[in-house]
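In the two complexes that follow, chain A is the common piece, with chain B as its partner first and chain C second.
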Partner chain A sequence: MRDRHSPQTYTGGIIYSSIILISWLAAGILIFYVGYLVFRGFGPLVRFFRDGAFAETDNILLPLWFRTLSLLFGGALLALPLAIGAGVYLSEYARENRLKQWMLAAVGGLAEMPPIVYGLFGWGALAPYFGEGKQTLIFLLTSAVWLLPQLVSVTYSALKEVPVSFRRDSLALGGSRWQTTWGALMPCAGRFLAAEALGGMARVGGETAPVIMIAAAWPSFHGQSLSTLPYHLYRSVVESGEVASPHHFGTALLLVLTSVCLQGAALRLKRTGDSLAGSVHERERGRWY
Partner chain B sequence: MVLVRHPKLVVRNLSVYYGDFQALSSISLNIPSGAATAVIGGSGAGKSSLLRSLCRMNELWDNVRTEGQVLLDGHDIYGPDADVTEVRRRVGLIARHPSPFPKSIFENVAYGPRLHGVRDRRELDEIVKRSLKQAGLWNEVKGRLQEFALNLSPGQKARLCIARALAVQPEVLLIDDPAYNLDPVSAAKIEDLILELKQEYTLVLATNSMQQAGRVSDYIAFLSEGFLVEFGPTSDVFARPKDKRTEDYITGRFS
Partner chain C sequence: MGIESTKEKLASTGQTFRFGPETILKLATAATLVVLAAVVIFVVIGAVRSVLLVDLDLDLILTAVVNSLVIAAGAVVVALPVGLLSALYITELAPSKPAKMFWTTIKVLSAVPSVVIGFIGLVWLGYYESSQGTSPLRLYPAASLLLALMVYPSLASFLIEHFRRISPSLRASSYALGASRWQTIVYTVYPAARSSIAAAGFFGLGRTMGDTAIVLMLWQAAARSSLTASQDHRLFTVPTAIVMGAELGWHHSELFPMAMLIMILSLAISSLGRRFMQSHWRVQE
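Moving on, here comes the complex of A and B:
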C-alpha cells in the first residue's frame, strides 16, 4: 500500500497528476482542433466527392489530390533505389573507418535539413536548368532529392536493426553478402524501410516551402501545374482574402486525412516488423556469438 | 602431438587477434574425421573464436587478423584460391543462440539449398524432409511445415537450426555450445542427436561442460586463455590429464 502521508509520495502524487493533467490538456486541444476541422470540413468534402466540385469555387480538388499523391509516390520511387543502394552499401559493405563515419554524419545532417533548403535547390539549380513548363519534373526531382538522405539513413538503421543472427546464419550457410542482404535482411528490414518511406512522404506531402520556392522561379506563374494540396490551400487562402471558407476547411481536412492514412499505414507496417524481429529469442545486437 | 589417422581438419599455428588482443595463440590441432571433438575451456578461453576460424566466420569483423593455416582435406581454407562461400558450405557453424529466420519451417530449411542454386520444388521437398529427419524433428513438424518457425519451442528451434545447417550437405559441423539454455529433456535430445550425427559428419563442439563433453565426444581439446593446453581421446584426457590446468578443470577446481 502506498503511504498517503509520506511527504515524498505526496509531492510525487502532485507532480504525477499534473503531468497527467497537462497531457490530457494537450490531447484535448488536439482533439478539439481535429474535431473543429472535421466539423467545418466534413460537409464540404462530402459535397465535393458527391457533386464533383465545390459550389463556390470551380476548383478541381480531386485531380489536385491525385497529383499530390502521384508526385509523392513518384518522388519516393525515384529516391528509393538509390537510397537502398547507398544504405545497403553503408551498412553491409563499407568498412568501419573514418570515411564511413563521415558519410553517415553527412547523410544524417542532410536528412535533418529544413525543407526550404531543398526548395532552394529546386529553385536555384533545377528550375534554371529545366526551364519553364517542366515544373512537375522539377518538383519530382526536388522531392526525390529531399527524400534521399532520409531514406538512406532509414535503410541503414533498418538493416542495423535486424537481429545479427540473421546475417550471421545466412553467411554461415555459405551465402554471399548480396544473397544475405536480399534473402535474410531485407524481408525483415523492408517493413521498417517501407514504413519510414511512407512517413517521409507524409512529411514531404504536407510541406509547402519547396513548392513556394520553385514557384518563385517564375514570378508570373501561379503554380497551377505543380500545385499540391498544401500549396493550393496556402494560395487560395492568400488570394481569396477570406478568413475561412468551407472550401479551405474541406481542403485542410483532406490534407490531414491523407497524412493520417500514410502515417497509419507506416505504423501498421512498423508494428508487424517489430513483432517479427521481436519474436527472435535473443536479439543479440552487435554480437555474433 | 596426438596421432590422428584421418584428420578432416588440420590446424597449424593458428593465431587470432581482435585488434591488439590475441584470442588464440598458435594453435596446432588435428581434427579427426567422422568423430566428435569437444573444445572445452572456461568462458573467454577462445572456443568460439576457434570454431569461427575453422569456417572463416571470424573475418566478418573488420578488426580481426588470422594467422596460420587451416587445412580442410589438405587444402588451406585461408589460401588464395579458397572460395569462402564454399568453405562455409562445407563447414557448417551452428551458433550458440539458435535463431531460425522469421520464415516458415520449410523456408528455414530450404534457405541454404536455395542459396546454392537449388530451385526445383521436388528437390527442395526432398532435402527439407531428409534434413528434418536427420535432425530428429520430422515427426514433430511434418504436418505443419508452413507454420512460422519462431513459434517452435526452444529445443525444437535448436534442432531446426541443425536441420537448416544439414540441408546444404556440409562435411563438418561446428556446434557452439549445444544445448545452451535448454531444459534437461531438450538438452538430452540434442546430445542424442550429436551421437547420431557423428556417425556421418565430422563434429566439433564447443562447450564448457566437462560432463557434456564426456558424454558425447571422442576427442577433447582443452583451451585456456587462447592456448591449447591438451588434446587427446576423451577417455585418456579424463583418466590421465597431462596438464595441471586440465586436471583442475576436470575436477572442478577453476583457477
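Moving on, here comes the complex of A and C:
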C-alpha cells in the first residue's frame, strides 16, 4: 500500500498533468482568439493603411489611431507630475501616522475604482462646466483624473521596492532627503515606475466607459470629434447591422496591437521574466523547482 | 531617525518654514487629494440629492447591483481556479522556458481591451444565435464567460507575482524531507498562498464588476434583435445602467446612487482583499 507521504503518488501524477493540461488549454483559448482576430483583421488593416490613408472616404482609422494615442499620452503627461510628486511625498517625506495611512488607503481605493465612476465625473461635472466644443479637453482631463491615483500608487510601490540601504547610504554620505530621493532612489525605481505607468496606460487606452459617458453628454453629436479607437469599435459594432464586418476586425486588431505594444514595452522595461520560478533554484531534469 | 530629530531641532529654533522640494511635493500631494476628493464628493452629493429629492426606481437599482455581483461572481468562479492552476504550473511545475513563454503570453494579453473581447464574443455568439431568437437571460452565462476570458490573464499574473514571493526555503525544506512535488504544492505552497488566493478572488471580482463594454455590447445586441429585450432591464449591470441612463436620458436620477453604490462596493471589495493579504502570516526569508 502506498503511503500518503511517499515521494511519488498516483493522484499527484494525475493531478499535475491535469494542471498542465488546463493551463495550456486556457492559454490556448487566449492565443486562439487573438489568432482569429489577426486572421480576420490583418487583411482589412493592411488595406486601410495602403489604400485609404489619405483618401476622402469613410476610412478614418489612421486619424482615430493618432487621436487615441495622443489623448492617452496627453492625459498621462498631465497626470504624471502631480502623481510623481504625491507618490514621492507619501513614500519618502510623510511621517508614519494615521493621516498617511488614510491617504494611502484613499489613493489605493480610487485606483481600483471602476472607470465608469470617472466617466460619470466627466459627464456630470466637466462636460457641463466646459461646455460643447471642448470635448477633447474634457476627455484629457477625465483620463488624467483617472490615471492620477493609479500613477500615485505605482510611484509609491516603485519607491518602496528600493532597498532601505540605498536611503541609509545616501543619508550617511550627507545627502539631503531630496538628493537621496532624486539621486539614489529615482535611478533605481525609475525603470519600474515607467514600466508600471506604461502598463496602466495600456489599460486606460483600451477602456471605453469614459468616452461613452462624455459622448453621452451631447446625444446628437455621437462623439465625432473625440471618438477614440475603442469607442469607435463599440459604436460601429452596436450601430451596424453586421457585426462581423472586415472594418470591425481591422479596428479591433489595431486596438489589440496598440495595447499589446504598450504592455510589451512595459514588460521589456521591467524584465522580471528572468526568475519566474518562485522556487528552489536547483536544476534537476531541466526543471526549476 | 537622525533626520527626524534634526528637523525637530530646526523647528524648535524657530526655522519652521523653508521653501524647498518638500513644499512642492506637499503641494502636489494636496492637489492630488483635492482632485480625488472632488470626484468622490461630486458622486456623493449627486447621490444624496437624488435620494432626497426624487423617488427612485429602486427596482432598477437593486436589479443592477444584484446582476453585477452575480455576473462578476460567475466570471470569478470560472477564472479563479483556472488562474490558480496556471500560476501553480508556472511557479511550481514548468521548466523555465515554457514558463517564460506562458508568462509573457498571459502578461501581454492581459492588456487586451474589453471592447475587443466583447466584439469577439458577439461575433461568436452571432453564429450561434442566428437560428434562434435572443433572450436576455441566455446572455448571463455568455457575459460571465466573456468576463472570465477578460480577467483570467490579469488574475493569473496577480497570483504568479504572489506565488513568487513565497520563500524558496519553504519549498527546499519540503523537498529535503522527501516530499513529492504534488505534496509540496498541497502541504507547503498552498497554505502559504491561501491568503493571496482569496485576495486574487476579490481583485477579480472588483475588475469584472466594474467592466462596462462587454455586458453593454451584449445587451445592445440583444436589444437590437428583439423589441421586448430593449425594455428588459434584466441584464443591466451597474456600469451598463449608468451608461444607458446617460445615453438615453431615461434614468438621470438613478445614475448617482448607482455610481455611489458601485464605489462603495469596489472600496469594500478592494479593502477586503487587502485585509486578506495582511492578515495571513507572511513568509519571510
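Going forward, the second predicted complex is superposed on the first by the 258 of 289 C-alpha atoms of A that agree within 3 Å, B and C clash if a C-alpha of one lies under 4 Å from a C-alpha of the other, contacts with A are read in each partner's own complex, and residues count from 1 in each chain.
Following the convention adopted for this analysis, a contact is a pair of C-beta atoms (placed from the backbone, for glycine too) under 8 Å apart; a residue touches a chain by one contact, two chains touch by 3 or more.
Note that this is a predicted model, so its numbers are computed, not measured.
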(request) Go through the superposed model and pick first if A:V88 touches only chain B, second if only chain C, both, or neither. (result) second
(request) Determine, under the contact definition given at the top, whether A:P163 touches first (chain B), second (chain C), both, or neither. (result) first
(message) On the A-aligned overlay, A:A194 touches which partner chain: chain B = first, chain C = second, or both, or neither?
(response) neither
(message) After the superposition on A, what does A:A27 contact: first (chain B), second (chain C), both or neither?
(response) second
(message) With both complexes overlaid on chain A, does A:L171 touch chain B (first), chain C (second), both or neither?
(response) both
(message) As a test of reading the superposition: which chain, chain B or chain C, is in touch with more residues of chain A?
(response) C
(message) Once chain A of both complexes is superposed, is A:M186 in touch with chain B (first), chain C (second), both, or neither?
(response) neither
(message) With both complexes overlaid on chain A, does A:E96 touch chain B (first), chain C (second), both or neither?
(response) first
(message) Please report the chain A residues shared by its interface with chain B and its interface with chain C.
(response) 95, 171, 276-277, 279-282, 288-289
(message) Touching residues of chain A toward chain C in the complex: what are they?
(response) 5-9, 11-13, 15-16, 19-20, 22-24, 26-27, 29-31, 33-34, 36-37, 81-86, 88-90, 93-95, 103, 105-110, 112-121, 123-125, 145, 148-149, 152, 171, 177-178, 181, 199, 202-203, 205-209, 212-213, 216-217, 219, 230, 233-234, 237-238, 243-244, 248, 252, 255-256, 259-260, 262-264, 267, 273, 275-282, 286-289
(message) Quick check on the complex: what are the chain B residues that touch chain A?
(response) 48, 52, 55, 57, 60-63, 85-89, 92-99, 101-103, 111-112, 114-116, 150, 154, 157, 161, 164-165, 168, 176
(message) Help me check something: in the complex, which residues belonging to chain C touch chain A?
(response) 2-4, 20-22, 24-29, 31-33, 35-36, 38-40, 42-43, 46, 82-83, 85-86, 88-96, 99-100, 102-120, 122-123, 126, 149, 152-153, 156, 160, 163-166, 168, 171-172, 175, 178-183, 185, 206, 209-213, 216-217, 220-221, 224, 238-239, 242-243, 246-247, 249, 255-256, 259, 262-263, 266-267, 270-271, 274
(message) Can you tell me which positions in chain A touch chain B when the two form their complex?
(response) 95-96, 163, 165-166, 168-176, 179, 183-184, 187-188, 276-277, 279-282, 284, 288-289
